[in-house]
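There are two complexes below, and they share chain A, which is joined by chain B in the first and by chain C in the second.
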Partner chain A sequence: MSSQDTPEENLPAERAADDSEHGAVAVPGEKNPFADPGLPPHEHRIQDIDERAARRSERAVAFMFTLSMLATVAFIASFVAVPVDKSIYVFPLGHISALNFALGMTLGVALFCIGAGAVHWARTLMSDVELADDRHAIEAEPEVRAKVMDDFRQGAKESALGRRKLIRNTMFGALTLVPLSGVVLLRDLGPLPEDKLRHTLWRKGKLLVNMNTDEPLRPSDVAVGSLTFAKPEGLEEHDHDFQNEIAKAALMIVRLQPENIKDKRELEWSHEGIVAYSKICTHVGCPISLYEQQTHHVLCPCHQSTFDLSDGARVIFGPAGHALPQLRIGVNDEGYLEALGDFEEPVGPAFWERG
Partner chain B sequence: MSTANDDRRKAPAGERVADWADGRLGIYSLAKANMRKIFPDHWSFMLGEICLYSFIIIILTGVYLTLFFHPSMNEVEYHGSYVPLQGQLMSEAFASTLDISFDVRGGLLIRQIHHWAAIIFLAGMFVHMMRVFFTGAFRKPREINWLFGFLLFVLGMFTGFTGYSLPDDLLSGTGVRFTQGAILATPVVGTYISMFLFGGEFPGGDFVARFYSIHILLLPGIMLGLVVGHLILVFYHKHTQFAGPGRTNKNVVGMPLLPVYMAKAGGFFFLVFGFIAMLAAVASINPIWALGPYRADQVSTGAQPDWYMGFAEGLIRAMPGWEINLWGHTLVLGVFIPLVLFGLFLGIIALYPFIESWITGDKREHHILDRPRNAPTRTAFGVAWVTAYMIMLIGGGNDIVATHFHLSINAVTWFVRIGFFAGPVIAFVVTKRICLGLQRRDKDKVLHGRESGIIKRLPHGEFIEIHEPLSQEQLHVLTAHEQYQPAEIGPAVDENGVERKVKGSQKLRAKLSEAYYGDDSQIPKPTAEEYREITSGHGHH
Partner chain C sequence: MKKLSARRRHPLAAVVVLLIALAATGGLYTLFAPADKAKADETAQSLAIDEGKKLYAVGCASCHGTGGQGTTDGPSLVGVGAAAVDFQVATGRMPAQQPGAQVPKKRNIYSQAEIDQLAAYIASLGAGPSVPTENQYNPEGADIAEGGELFRTNCAQCHNFTGKGGALTTGKYAPTLEDVDPKHIYEAMQTGPQNMPSFPDTTLTEKNKKDIIAYLDAVNSDKSESPGGLELGGLGPVSEGLFGWIFGLGGLIAVAVWVAARTAKAKKS
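Let's look at the complex of A and B:
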């Protein structure tokens, strides 16, 4: 304890010295009117003095244990008898799986009754006389402490670890290095990031394929006020890497009145008011799916980031940090919507190397 | 045959088995100390039991689920008995979860018991932690056990998260995506951690198998060790108790382990298990068939994590989208700050016992629990912490709050943003006031007795209410708490008039000590003199 430490007088006094050690009754008197009166005398329960009440308790406990047995039998019977696909109407739950309901209720009753029986038994029939146990300090007596310290010093001295520095240093070196093998082994958990997060499947000339109909989109398919989801041509649900690719390439397409588009670049990259934006939120990557056609706002349902599609998809509310990337689109010779290149910036959540 | 052996043979079978075991394991010395160990009784002491029992239930049901679950992300076409999803592409993980739910008899029940038990486990730990906090049960010698409990809570959160991510349904996949997005926000190493965790780009084909081994082996293994350690320490320290007649810092008063506590605690296990089984029978949890399999480009509205992840969700939703772009790098503060806050916010409660013991300078053992009112600053701090937690929980469900109460999502978010800072301050001040008010009332009761509600008219016409003196037990309980005096730095100059050097940490400590135990922070408890003066004055006031 340094001199700056709390002086002893700032600590509250140990509970009054005339406090009972345990159980012994201290007479409250002149010295301490608040003295501990000691353990109160035991009060008998009805079961302690009336054998008939005790019998009733016994029967109640036995009844609950019996109920549990019956419930287990009912559990097995339901398992065998109730078909797995049967549904029943239970008020007020509605239509629910009959088997789940039967198994759950019977198992629940079987378990609950064991517990209720045991607790009732403990509360009414087992002794409720309170007992006191002494506590002992957790920390060791000074002699024990001295012995341990001596033993340790002796052991340390015999090992000569402190004296033979060469052994000590090389041992620490070896022990420090050996876990490196474990770290190195983790290297193949995955590839390095490289520029994987910067590219998607979109290329110049890739058609925009409607996610629902699987047909390439024409400008006439995109009505004002509608929200269309699209994927790059050639990406099929059965493809091995479908999930990884769609996680980056998913697109949402809306048609605005060209005069409503406030952002100059957005207008340039659009076609007849049709704009294509990444569907992946720039916050933490949820797919954006809510479109408010009057205001041209899209809302991410996960964390409510809101983007204005008529103004370069800039963030107007919520936790997202930057605008949705736009895909430059046009129309090919056959009149289908096509991409005019990949996204110019990485889609999805921001990351350190994004820049 | 010797007579000793004859005696052995005559002993009951149970005793012979016990002798056999004692000869090999030395169980008698263990039983001597523990078989009739005393456990104090209080309703709040069963909160920890709920956690232990739900943990056991989770392990039992979890082992069953591993027998049927396929932790694989291979895409399969579904041909099981749930008609609406037939023919759909989905991962084997999702398909096998559908099988557990619709084809394995009792599978759905066990799944729902598993999930409900997990929710109750985390809720139980939260409330148990609050009990320990507000009663000061974390004080010496129990600081390490507080840390064990804290670690269990945090690991429980991540075990829960990795668990509900396994079915690979639309909701959980969205949660995994959120996690991956948050990992990406880590400066410098974010993209590397993400690539290594997912075996490449999100979602890849590895995370279910990896989460599976984390969920069923790594985290529960550590947790099991911590639970055992936690229990050993509870036995070793002996349970805390509230002040009361015959209860001192040097004893423990209650019922013996055998038979009362064993019957009550053992019975309580069955009560908890039975309750959760019935809950699983009537209340559906995580109906993955209604959500469908995960697709990286799809999402459902109203996506919510399990409750214990809600405050982290709130942090991420309420944070403004700050991003700093410098020298070709992006610092994603809008996501990274919530990530750091998540750790700090939990960390401060983990370290609290050490902070408080530093302020008090108290190195004694404490086995008598505080009533929360008698530690006003601690109680106020705890309530402020819980307030911030709850506000973030609201923030995590801002869309749900908005749709249910017909509020603007922007307004709810702004409420959360402001509330996160203002709420704890208000809660702190209000709680401290309430505590001091309760302390005053206790003092009043001790000195003037209990209001009896009986109005008496005196001969000269005055009406008075009769106050009944408290029993000795009540007098003792209401005055049993300890009160610290604020630590002082001492004079600025020493006896020779030379300026003393006072370390900044000492000044801070003195300030905190004043805040904790100064005149504004506790009502001095009644002294024997005050009591005598008033009670000997006859008449009632």
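Let's look at the complex of A and C:
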């Protein structure tokens, strides 16, 4: 402990006075009830007194480190030996891949034993004598401060920054321009979506294609109480923009008894009770299709927004702000269901310019 | 006759002859072959219907009406088909114990013969899906990967990705599909029991259904395995994260507290 770290005046009086009685409890005097009581007397561990106990601890620590080594060897061995597709039953984990189980167990044991050995070593064998390390003053010595200021002034003079104005100005210029590269890169966050949020692939005459069979749907395919998902004709799963387009155009088709449809516009836009609604929740855009065929409610799995498909997909519960957009459908000359235009309003969650 | 033979080399002659032959074969077939079979079937069938009607009067009529027309306590059964009866009764859902948000699965008290009679009676009330045959629902050789895709498109929103089930509104729920007979899965898809929408063959073909059953058989049956061990309900990152935070981190804190709480001193104080 150097004198630089602990200036003399910061040391507790008791410590300086008597080191052999280090930790002697100072009874608070009459004058100062808050006097520093100092450290309690040091107590020894069994390992400090009994050499046999110390050797036992040593063996325990060495045993754990050896166990860790063996576990690492077992890890490598099981990586080599256990086949990837072998399955075993382990209570209470159930059927589990033998390889995963072996790797996890051996690596776990290897790491745990290193930690446990280190903790046992530190607690029983390493020195546990209490040490007080007092805080030193934050302020530097006056000479040090004076030297730093001198050095700075000397450096400023030697660089001739004040005299050579050309260097100074060009340096400022370079430093000012460099951050611009970062700003320019922000351009890649764009371009703005323009009207992409307002339009989907649906337009007049596009057939409704069943997602399961990839065949266009006929009204007779859709039974009352059934649920079908459709995509616009011409959109194929390996198209490069499939995900972007289906995220907007995904359609949920159900058939209600026409007399059960309460909303006039919904009835008008349906075909013989077949209604087509956007599958994208108007809250934050989860695919929504937990359809209850008896209540005609559709529930969003993310935040429990509930829409009533028999009443214009009105929101009846939850955080969604808009009804699900309905697609106007009809039947073409060949008897297939077709769209009679795009959605009238933007599908999915609201956005700043939605209006 | 001469006129006819003069036209025997006409380009359409072959087509006309073929049509006449086809019509004759078809006509003769309808005259002879099915007649006997239908007669034999009819007696067995009408017997089954009679027996089914008796069972219906005891077990079902109080809610569904004496003729299956439905009452305020139960929907009409006209046109639900034999598949619906087989599903509802064989899984013990019907007869229902009590009215409520959802009728749960319970022990079935009917024998398969009685269920068949009930199904025959209900099927006689109006046309509906019939009970599938074994080769319709047997998942042997079906495309598991395709079934997984179909399951995630059509079923996973309610039944969870691996068919563990999930909650719906006001006390209703989608039940777990674990250990459900492939036949019952098939019937449920076809008939749409309770609040489940139906997936008729017109929109989800027989092969699609078989693929879905094969997928469930692979991920959600006795023989399916979870390479990672504990599934924690198969709910994904939510339950796994919760487990990690509570038991993983909690365990580490507990060990740290235990280590620090024990004193290594010879003199315990």
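In this text, the second predicted complex is superposed on the first by the 272 of 355 C-alpha atoms of A that agree within 3 Å, B and C clash if a C-alpha of one lies under 4 Å from a C-alpha of the other, contacts with A are read in each partner's own complex, and residues count from 1 in each chain.
By our rule, a residue touches a chain if its C-beta (ideal position, glycine included) is under 8 Å from a C-beta of that chain, and two chains touch if they have at least 3 such contacts.
Quick caveat: nothing in here was measured; it's all calculated off a predicted structure.
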item: Dominant toucher of chain A (residue count), chain B or chain C; value: B
item: Which of chain B and chain C A:Glu268 touches, first, second, both or neither; value: neither
item: Partner chain(s) touched by A:Ser87 [first = chain B, second = chain C, both, neither]; value: second
item: Partner chain(s) touched by A:Asp151 [first = chain B, second = chain C, both, neither]; value: neither
item: Chain B versus chain C as contact partner of A:Glu236, first or second or both or neither; value: neither
item: Which superposed partner A:Gly321 touches (first chain B, second chain C, both, neither); value: first
item: First (chain B), second (chain C), both or neither touched by A:Glu292; value: second
item: Which superposed partner A:Asn100 touches (first chain B, second chain C, both, neither); value: both
item: Touched partner set for A:Arg354, first chain B, second chain C, both or neither; value: first
item: Contacts of A:His283 with chain B and chain C, given as first, second, both or neither; value: first
item: Chain B/chain C common contact set on chain A; value: 90, 93, 96-97, 100-101, 119, 123, 128, 211, 229, 287, 289-290, 301, 304, 317
item: Complex interface listing, chain A residues touching chain B; value: 4-6, 9-15, 19-23, 28, 30-40, 79, 84-85, 90, 93, 96-97, 99-105, 107-119, 121-123, 126-128, 130-135, 137-138, 186, 189-193, 196-197, 211, 229, 231, 237-238, 243-244, 246-248, 250, 279-280, 283-287, 289-290, 301-305, 315, 317-322, 348-355
item: Of all residues in chain C, those that touch chain A in their complex; value: 150, 153-154, 157-158, 166, 168-169, 172, 174, 192, 194-200, 202-205, 208, 224-231, 259, 264-267, 269
item: Chain C contact footprint on chain A (complex, rising order); value: 43-49, 87, 90, 92-97, 100-101, 119, 123-124, 128, 210-213, 217-218, 220-223, 225-229, 254, 287-295, 297, 299, 301, 304, 306, 317
